[in-house]
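Shared between the two complexes below is chain A, which pairs with chain B and chain C, respectively.
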Partner chain A sequence: MTDLLDFARGPALQFSLAVFVFGVVWRLVSLLFMPRLKDKSAIRSGAKPTMIAAVAEFFRRMLPKPEFAKRTRFTTINGWVFHLGLAIIVLTFAPHVLFIKSLTGLTWPALPNIVIFAVGGVTVVSLILALAHRLSSPVLKLISTMDDYVTWVVTITPVLTGLAAASHVGLRYETLLAIHILSICVFFVWFPFGKLMHGFLVFLTRGEMGAQLNRRGIKL
Partner chain B sequence: MLTTEQVQIAADKFTALTGGNIAPYLEACVHCGQCAEACHFYEATGDARYTPAYKLVPITRAWKRSKSPLSWFGLGKTVKTEELEEWQDLIFDSCTMCGRCSAVCPMGIDISAIVAATRQAFAAAGMGPEDFMQAAENVRTKGSPLGLTSNKLVDRLEWLEDENDMEFPLDKKGAEILLTVSSIEMMKYPDSIVAMGKLLDHAGVSWTFSTKGYEATNFGFLSGKMDLAKLGVTRIVEAAEELDVKTVVIPECGHAYGVMRWSGANILGRKLPFEVLHITEFLADLKRAGKLKLKPLKGSITYHDPCQISRRGGAADAARYLLDDFAEDFREMTPTANFNWCCGGGGGVQAMASATDLRHKVFKIKMDQVEATGADTMVSSCANCRLTMDESIAHWKWDHGLNSLVEVMAENLIE
Partner chain C sequence: MAEPKTLGQMLEARGISRRAFLKYTSYLASSMALTPLAAKAMAENLASARRQSVIWLSFQECTGCTESFTRSFAPTLEELIFDFISLDYHHTLQAASGEAAEEARHIAMRENKGKYVVVVDGSIPTKLDGAYSTIAGISNLQMLEETVKDAAAVIAVGTCAAFGGIPAAAPNPTGAVGVDQLVTDKAIINIPGCPPIPEAMTGTISYILSFGKLPKLDHLKRPIAYFGNNIHDRCYRRPFYERGLFAKSFDDEGARKGWCLYEVGCKGPTTYNACATLKWNGGVSFPIQSGHGCLGCSEPNFWDKGGFYNPLPAPIRDVGKVAAGAAAAGAAAGLISAAAGHARKKNAMKEGKS
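Right after this comes the complex of A and B.
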């Protein structure tokens, strides 16, 4: 079984990271280099510099305005829970910290395993709730595409396989670890092709919206 | 039934329209559904079809199939006849381009801009509600969607002069201000025109109407017929240049303001040679300069924000500044200003008979909002909102008053 682990750690990870990096850069570059219409309307006096407005809008949209908070409460809170959960697991689980160090040379303190387990559990529940919402809300059912479901599967699988590997349940540790790494490889490969790209596109869209609101003097 | 050629024209147009300003939006939707909660059509009906993100489907499909970075996989679905037919009412009848969905969208997607682009593709394929598309064509043949030709304008102005014992300057070279009109006002609410004239005269403004560039509404833009949009903008620009005015004032019409102020230069292809102000902005400037003397306004009132002036236009404060110290009992709606609900008739929806029932349903949201304030009267600064709301008021036999801001101001001028 070390063969499988070697494969996962070696060629599979390298390949998937290459697809991830190339794919993300390709999609971003092809969008950024598209011809754009320059707005010729007269900017409202008192507008901020565009870049500042774009960055401010990125942060502002992290929470809904009070006018919408009640109506979007579940999506907002649940969205925050699984995004934060994923970030905590990816960035602060001791083996991940080591892995990132081996890849980039950068390091930081890890959180205790028990905390990571708890966060992992909460994240899984949150992702399941997100799917249940998607399958039960008429609005979400209507607008969902295959991408949404594939993305859900490739997102929850590494969390589940990671929890299994870290708690040594079922198979041998090496096998579990190999499966976990392979599930991450699938995540990396899918990333540039599906809606996971929103992790990068969000900078463009919120920025563009912020620039437009600023130009018009609209304070949302 | 659409022909294959029509579908191809629409598909090509979709592709041509997805430049760098729109493409990231089409790729970024995470299908979270939050925009539904902001859209009055969903709010009023509970029908998931009205979800704003769903309105993006045709253009997104065309984009993914033909131009997106992933298109070479050839996996995207092609735009189909049935699809275009199925989406027509979503793109026209049930989107007022109010921008409320974009205010809630966590990705910051400009849905109304995408609907505007989608309308262009539908229009190119010969689609769109017949009455509405005809009203847009009237711009070419009659100078205005409601058939307000230049001659009719002169006739109506003369009639209003006689009725009100006042004079309207027309084609006055060297005036500082070119005042435009909405044909909705001229045909249905001429008192608004009189009110604007009185307010400007009271403040000693040097202003004029023009027989060449008078129609402020831009049905070309709303219908997706961009040649007509350009014609509308050009008429005003040429008139303003000929008369050598510094400022073009847009009357009480939200979309007229939105199009001229924020899209006019882009449609024309060059910067506008004048400043564009909505009448509320212009009056606010006059008030700031101490040139408006008004008696206090009696009775309780609330203000309906035209979407294109507040949420999409950035001028929500102007009306409030005018009402401040003037309205004795002013009550804000909840939500208000940039988050206020749409009247249901923007984006040309007012001119689509097929959307009548839907508009009435949407107006119930406004009725609830107004009733919650306890105010007797609602005022607004858009003749299109006013017409939409007047029709729904009659439909529901609602007992609250509706008025125009310029009219209540003119009625309370200290002569």
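Right after this comes the complex of A and C.
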């Protein structure tokens, strides 16, 4: 006799984490070992060492250029809000800390639940605003694909189910917890194959961009 | 002295005042969240209740459940009610043995056909046609089938009888199951726990004696009155859980300060039982109060849920090895993709040159 929670904590988590690890490693390894065209252009004079340029670019792109600051204010702030919100929830809610500890052996202090609830609420609102913005901006809407919408759904669902589980609303706690874990399993499975992969790729893409811009063109 | 016919007479004969009895029934009624009217009816009906024939079948078990009911350190009203029911057959408690004992069971079944209650403790082994456990030459499986045929209701006492219990722990060598996996055409009440709280047992029996029907049950056939509450929702350590204050081991600062036991494996959030409200030993304490996390003993499969000391959020299967395999497979797949890319590049260069 196994129940939904046993299924979620057992085979579902095992399978989804395996898919997650397989997918992430596959994409990263194939990308890193991909054939590249040698850049034969001469390096711009006064260019920084490539590694430094790559790291600097990663940080530089965290904030918009001043001339775009006003136009991109909403996306910048809202993006920061839900990314930080998600990070706080994932990394500092006590059960999550224990989950990570059980997988990696690493641990750190957790925040009180009330803080997590507040951050969770803000994150949900921010994610909804992000979707509203995507749908209301003609350009963004045009360049959005199914991937963007699926990614949005698999991101907000664990937050909503997590809030429901932590506050014991609606169904019985073990059912809510099982649904929450299953929603995370879906997130894990989708992660390597959709836009969520930017969680890893952002370091490579920004770094690569920094390295390339460092060689040529004008000084940034 | 003639044998007392009703519970009221029996209690009177044992020197229990009506006042004490009323106090007890109102306690029982409130533990079952009955309305004042139903509580009054319970007191009246219970006093005039007649002896109920009970056949108690002990199968694959450790006798812990019977101990829980019979070994409290002072005689209580619960015990007297327990005494009052006519235990026509109980391996551990009956004086008769051998054929006489089996005869007692058959007589009780004949004389109370359709009216007796069967109480089961222990799971029923089903592999090898039930040969793993036999009594008086017949398997537990046969004895259960034979005895429940003319029963009014079956009460499965303890997690073994309710859900298969520890004998059913993986790899379940005897094919142990609970009563309701075998008996499908009778009213069944599960009173799980390892062992169950005595009050849940006497309360349920008192309810049946008073009202002649089964109390409200949850989806696992447990009386809602005793199994409707989540341990975590009723736990006095809950404020510490909310504040993120956890004992990290059983003898650290947090443990001494009585902080929440979630990190050391407490299963209270997924367990339904009356421990946190009724408590044990006449309301003295319960496991969490004495510093140990809840094991979830009133839930199915509580021994196979990833270890008693592993916290609830931890996966219950070995993820590490599978993840390592997945990483190796991912790396191999990545190298193959990259190699294919190199081959394509080489071809393109060749074509470009020619």
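By definition in this document, the second predicted complex is superposed on the first by the 215 of 220 C-alpha atoms of A that agree within 3 Å, B and C clash if a C-alpha of one lies under 4 Å from a C-alpha of the other, contacts with A are read in each partner's own complex, and residues count from 1 in each chain.
Just so we're on the same page, contacts are C-beta pairs under 8 Å (C-beta built on N, C-alpha and C of every residue); 3 or more make two chains touch, one makes a residue touch a chain.
As the structure is a prediction and not an experimental result, all values here were calculated from the model.
By the touch criterion defined above, A:A18 reaches chain C but does not reach chain B.
In the superposed model, A:V202 makes contact with chain B only, not with chain C. In the superposed model, A:R27 lies in contact with both chain B and chain C. Looking at the shared chain after the overlay, A:A94 reaches chain C, while chain B stays out of its contact range.
Contacts of A:N113 after superposition on the shared chain: chain C is touched, whereas chain B is not.
Residues 26-27, 30-35 of chain A contact both chain B in one complex and chain C in the other. Note for the complex: chain B touches chain A at residues 19-21, 23-25, 27-34, 36-38, 42, 48-49, 51, 53-54, 69-70, 102-110, 261-266, 268-272, 275-276, 311-315, 335, 338-339.
Considering their complex, residues 163-164, 181, 230, 232-233, 241-244, 246, 262-263, 269-270, 300-301, 304-306, 310-320, 322-323, 325-327, 329-331, 333-335, 337-339, 341-342, 344-345 of chain C touch chain A. Within the complex, the chain A residues that touch chain C are 1-3, 5-6, 9-11, 13-14, 17-35, 94-96, 98-99, 102-103, 109-114, 168, 172-174, 177. Against chain B, in their complex, chain A makes its touches with residues 26-27, 30-37, 39-42, 44, 57, 61-62, 64-65, 67-68, 71-72, 75-76, 79, 134, 137-145, 148, 193, 195, 197-198, 201-202, 204-210, 212-213, 216-220.
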